[in-house]
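In what comes next, chain A is part of two complexes: it sits with chain B in the first one and with chain C in the second one.
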Partner chain A sequence: MDVLHWDGTLSAKDFRIGAFAFAQKWESCNLAFPPWSWLPCPKHPWLAPPEEEGYLSLEKICISRPNEEEDIDQISQIDTGEEETCCSRNEDVLDDATLVQSNHHELHYCDFHIVYSSTFRVPVLYFRAYCSDGRPLPLDEIEKELPACASKELSKKWTFITQEEHPCLKRPWYKLHPCGTAEWMKLLFLSDTANPKFEVVLELYLLSWFSVVGQVFGLRISLKISN
Partner chain B sequence: MEAPKFVWEGAIPLQIHLHESQVTTLPPPPPALILAPRIGYLPLLAPLIKPYFSSTLPPGVDTIWFDYNGLPLKWYIPTGVLFDLLCPEPERPWNITVHFRGYPGSVLIPCEGEDSVKWSFINSLKEAAYIMNGNCKNVMNMSQSDQLELWHSVMNGNLEAYQRVSSKLKLATVDDEYASLCLQKSQQSVIETDLPAQAKTGRVPVRLYVLSVSKDFDDLDEIPRVDSWEKISYINRPVEIRKEDKCFTLHDALKILLPELFLDESLMNVKLGGVDLEDAVRNSNEDVTSDKVVEDQGQNACKRPEACRISSSAEIKLIRIQGIEPKLEIPFSWVANNLLNPDYFLHVCVCVKVAQ
Partner chain C sequence: MAKEGSGSILQFAPLQSSVDEGFWHRLSSLKLNKFGIDDSPIPISGFYAPCSHPQVSNHLTLLAESLLSDSNDESTMPSVIRGNRNRCSVPGILYNTNTMEGFHALDKQGLLKAEAMKIWEEIHSGKAVEDCAVLSRVLLISFADLKKWNFHYWFAFPALALDPPATLVDLRPASQWFTLEEAESVSTACNEWRNSSVTAGILRIWKLVNVMVKRENRGFADLNLSLVGEALITVQQGWREQQCVPNAVGWELNKGRKVPRCINLAKSMDPTRLAISAADLNLKLMRWRALPSLNLEILFSLKCLLLGAGTLGCQVARMLMAWGVRRITLLDNGRVAMSNPLRQSLYTLDDCHNGGDFKATAAVRSLQRIFPAVEAEGIVMAIPMPGHPVSSQEEKSVLEDCKRLNDLIDSHDVIFLLTDTRESRWLPTLLCANRNKITITAALGFDSFLVMRHGPGPFNSIPNLKAEMEDSLAAGMDNLVLTNTDGQHRLGCYFCNDVVAPTDSTSNRMLDQQCTVTRPGLAPIASALAVELLVGILHHPNGIFAEAEIANSSSGGNFELPLGILPHQIRGSLPHFQQMTLLGHSSNSCTACCSTVVSEYRKRGMQFILQAINHPTYLEDVTGLTELMRSANSFQLDWDDDIEVADDECVEL
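Moving on, here comes the complex of A and B:
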């Protein structure tokens, strides 16, 4: 497929391929985080089974921000750390978490699911947040935990948050609205002077996409993977 | 324009009981009788319902929600669709229970009154627009006043106002194959009328709801009550109307939506509304023994004409759109243009009997 005439969307099959490529790259480079896992959708009896029938899941990610410095510290570690140092610093990150707990700062966690939308033909980020005792966090409390740059992102039209049913789990989750995704994904790849082949686009699609939507949660992707 | 008028005027007579845990007076208040628009949403009835029960409620903050036989009703599904889905044998009046306390937040999306319903509606409209036009700019860029007018037209069931505002969204409808068929039949020349120059699209936003029933039944009133949303699957799927020599029917659309239920249909004489569909459908699954043919034909002697055994392990017992059971040979374009909800989605309810 000619990327110049590509509309920025993925088929269900492409999504699955892209999702596996993303999960693999993530696992090999982003050691500060657990790996994404591919979960099958609970089977809808009789409904047209699109090939995807599954989604990526990354759960129990701590999003608490005790203070700004620590946050920046953590991000820079993920950003610049080489694989080995990343590994050793990874322990520091965990140590921080222990420290936080002893400071009586309540920890908040987030679950992220990447689900394919057959309407918008793009990946959609669903999330929910909760305290360590499992109590769900309402949106205004989640927003307090998000890094300062998130509010800037959220004020833009294409990343607003709505509460909707998780398409597979049929429970209330939050999602970043996908109606602009195809458009900015297309721009993202068109601006690439190399004019890559569609197979390459597919390989990098979810990574590029997540490097944008992940910012809302301060989840920065190591530069190493994206290169 | 007859059919949309019927759709917009469609209403469900509700008999609403206050949940016993919230009754603090003796005698308990009598149920409220309210006519609920099919295209409306349950929380919008709050201003009508509350006066009936406000004097008996315990102190506290009101958060309204409803259940039917203990099943929390999802408020973001239009009232008419809930009724079609959960009452295969229509119950009139429909006895549902209202709660003002104890919102089941793990099952239902929180509802903070009319505003939540409005945004849910707009989001749905946006999704439909994306399916039809490939983008939702027209919905996103709607002026504040148009958006309000559109929403009020839905709330008040004002079809004229709705058509006036929604036409600005330029959500192209599909060519009505039924109308053009009639024109040709009546020997009239097909004249290019002064229709607005809209781009015609073949993508129809469909929200399909499937109720699976494992118990065998002959009559609809034998269907066991739905006690969990687990028994219902629903998805949004665009259906592409394919331009072929023959008319693209509702049957063709369902075949795309529920392929597993139509696997071996050419083996049977499916009689639907007196029309033999055997010749009309092409079969992709030939590897069934002749024994099965006999079996399928034997089981085909069903009481309800529209109940057809389509796959050997499951059968579609009922298809309901806007409260009616349409014949499957109706052109899908007619269904899409006339039976859609104001959010531009065609909500289709199907009841499937699953063999155990």
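Moving on, here comes the complex of A and C:
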């Protein structure tokens, strides 16, 4: 396919190829983060899942800023004094061997999924954030953790956060709306003066795409990969 | 995870729970579809992974997969547990109650003892050595309030208390403890555990002597961070007996207190909440991609009053909701007839039974079905009309209706006149002109329509009636808005072009005139234009005072305002598939909005209204129309009732 006439989109099959290329590059060069995993998302679970349908997943990325006061390792006796408890007080077992952790350091985590959109024919970044006990975080709290300059810039031009049902998990997740993606992906590749073959484009597609959308979350890709 | 304690008591930091949202979704779905009111205990699996964060130990996690899959739910994954991270499974049990009282009434100590007993038995039987996963168990009690989407829950990680407690003898990094060979084989064993489905908990006491703390770095066991230690345990005499169970501890603390936790998931599970956030999606996308100056806040906070819930009212209501308007009041005194559902888009056959529901209430119901968060109100009331005289018995209730209408107009921002007669629009027009409310009229002929916005009323501000009672007219004169800032006359209302007062148009009509027959396409077109016109007004810096613009083919695509021009009147003709924008200034003799009429109303209030209703010529006298007619007739001009297709020039009386 001639890259000059390419419209910036991918077929489902190409997405899978591109996804694997991306995951490989990520794992070999991006030392700060765990690897992406491919998870199947079959449309018809009772049939053998066709190879194409799935998505990339990167989970439990800590997005909290480092906190100065961290005293998790305080050692103290268990406090059996005044507890509002539904347990009967007589039956409480005094246990010197249980460490009471005061000042629990509350961390926020984020899960990222890269899912293929058959309507727009581009990858879409889905994400959600939660506390360490599993409680989900609403968007305004997530936005506090995001690097301030990046999110404002990008959300004006290229990205737009909406809440929609995750196509595989059937629960509301946040996503970066894909309606501009094809346009700027095309621009990214056309601005490269060397006229690349489509195979090369495919191999670099997700990497280039992620280098743009990942910035919303401050996820930078090391320069090594882009060679 | 074991840490060094003060003195030499070996202390254990209790496990902490982390419940993925998917677990609650799965539990709700199972409860609704499968379990019903059955509250027998449910087996669950917790998951644990080695610690990868230097300061915070990993939690025991419950995921959607922790519960057995709901076979009715097509979207569930097959029962293979995802193996993308270290995931050691821990057996557990869930007691989910049906009521809050049931939740509090559970015998927590008893349940904990029962789980501890299971561990004790497995230690005795030797199974604990074979499969040390059984040494950890998870006990979870919960109550799922599926109306408010509140999940109350409490974890317990049963652990046998050692009495006296164990003491720590030595603790060193694993790299210093093992020989090189031992280190390698331990490393391999740990890494292999990842892939095994029969994995043991990594952090366990095994053989009650050696304690190993495994820590990970980037997915591989890190022997520098991992610790190995030796602990001394005094074996109690009674432990040989199976019945003598040591005490158990393990209820998870909630911020240091022994109370259950609660999580609310309405935002992601309540269909109404989801509908609300989805409804905004289209508008926000529109603002982002095409119309950055779109003022959604003003649309969300707008209060609209729709007078008439027929073909026009139903369509206008739907269009308003599509633009994000949430607060809509519909006023109509009619009932849904069998022929209505076809043309009046909020009604279905169900609304027609038993003589038909009141349109106002049926419309509100329908709006709520479309969008549950709409704030819709229905008012069943007739609008008092000039030319339909009222008897003295009816007078009181008519006056009350007038007052009620006045209050409604006062408490709304925009009024749509969507009734099916000319005279029913008179009183609302007057009241709106009095209060300078944004007023939009839509009227249908057989194959033509009119959509227009009324100009502002004759007075700039609402006078304090009490203070200015004596010379309200004089004071009013000072405030007269005859001209806008540009010296243009204010725009006219629906009645400004009329030379006769509104009168009874309904009696003595032929059947087709009585039934207001129109081509079906007209109402949707006119209603849509009416709402788009409103949005244009709201985005114009001068609002109700905005001057009128006329559509001009030479203006091309460049508009001053992003939504385009803001006309005064739009008249359309279906036979020609044509529509044109017109401009009409206010008339000094208008029966509804001229300064004379409005001041009379301000002076005499409801008495003035009554007089206008009961005496058809009164309005013409007051406004001087009678005089005008007389002088006109003396010139023997013939008045043409039809409005001809005019060119762009103003039509003035």
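Quick note on the criterion: the second predicted complex is superposed on the first by the 174 of 227 C-alpha atoms of A that agree within 3 Å, B and C clash if a C-alpha of one lies under 4 Å from a C-alpha of the other, contacts with A are read in each partner's own complex, and residues count from 1 in each chain.
Keep this in mind: a contact is a pair of C-beta atoms (placed from the backbone, for glycine too) under 8 Å apart; a residue touches a chain by one contact, two chains touch by 3 or more.
Computed from a prediction, not measured in an experiment: that's the story for all the values here.
Colleague: Should A:168 be classified as contacting the first partner (chain B), the second (chain C), both, or neither?
Modeller: second
Colleague: If we overlay the two complexes on their shared chain A, which of chain B and chain C does A:34 touch? Say first, second, both or neither.
Modeller: It touches chain C, and chain B stays clear.
Colleague: Counting touched residues of chain A, say whether chain B or chain C comes out ahead.
Modeller: On the superposition, C touches more of the residues of chain A.
Colleague: Between chain B (first) and chain C (second), which, if any, makes contact with A:160: first, second, both or neither?
Modeller: second
Colleague: In the overlaid three-chain picture, which partner chain does A:119 touch, first (chain B) or second (chain C), both, or neither?
Modeller: first
Colleague: May I ask you to decide whether A:141 touches chain B, chain C, both, or neither, giving the answer as first, second, both or neither?
Modeller: So A:141 meets neither chain B nor chain C here.
Colleague: Which partner does A:179 contact after superposing on A: first (chain B), second (chain C), both, neither?
Modeller: After superposing on A, A:179 lies in contact with both chain B and chain C.
Colleague: Under the contact rule defined above, give the chain A residues that sit at the interface with chain B and also at the interface with chain C.
Modeller: 45, 136, 162-164, 170-172, 177, 179
Colleague: Which stretch or stretches of chain A touch chain B in the complex?
Modeller: 7, 44-49, 118-120, 136, 157, 162-165, 167, 170-172, 177, 179, 183
Colleague: Show which residues of chain A lie in contact with chain C when the two form their complex.
Modeller: 31, 34-35, 37, 39-40, 45, 57, 59-60, 62, 70, 72-73, 75, 79, 83-88, 91, 93, 95-102, 104-105, 107, 128, 130, 132-136, 138, 160, 162-164, 168-172, 177, 179
Colleague: Note which residues of chain B are touching chain A in the complex, please.
Modeller: These residues of chain B touch chain A: 74, 76, 105-110, 119, 123, 126-127, 130-131, 134-136, 140, 205, 208, 210, 212, 229, 233, 235-238, 256-261, 314, 352, 354.
Colleague: Give every residue of chain C touching chain A within the complex, in rising order.
Modeller: Result: residues 3, 5-6, 9-14, 16-23, 25, 53, 55-56, 59, 61-62, 74-78, 82, 84-85, 104, 108-109, 161-162, 165-166, 218-219, 247-249, 251, 253, 255-261, 263, 265, 267-268, 274, 277-278, 281, 284-285, 288-289 of chain C touch chain A.
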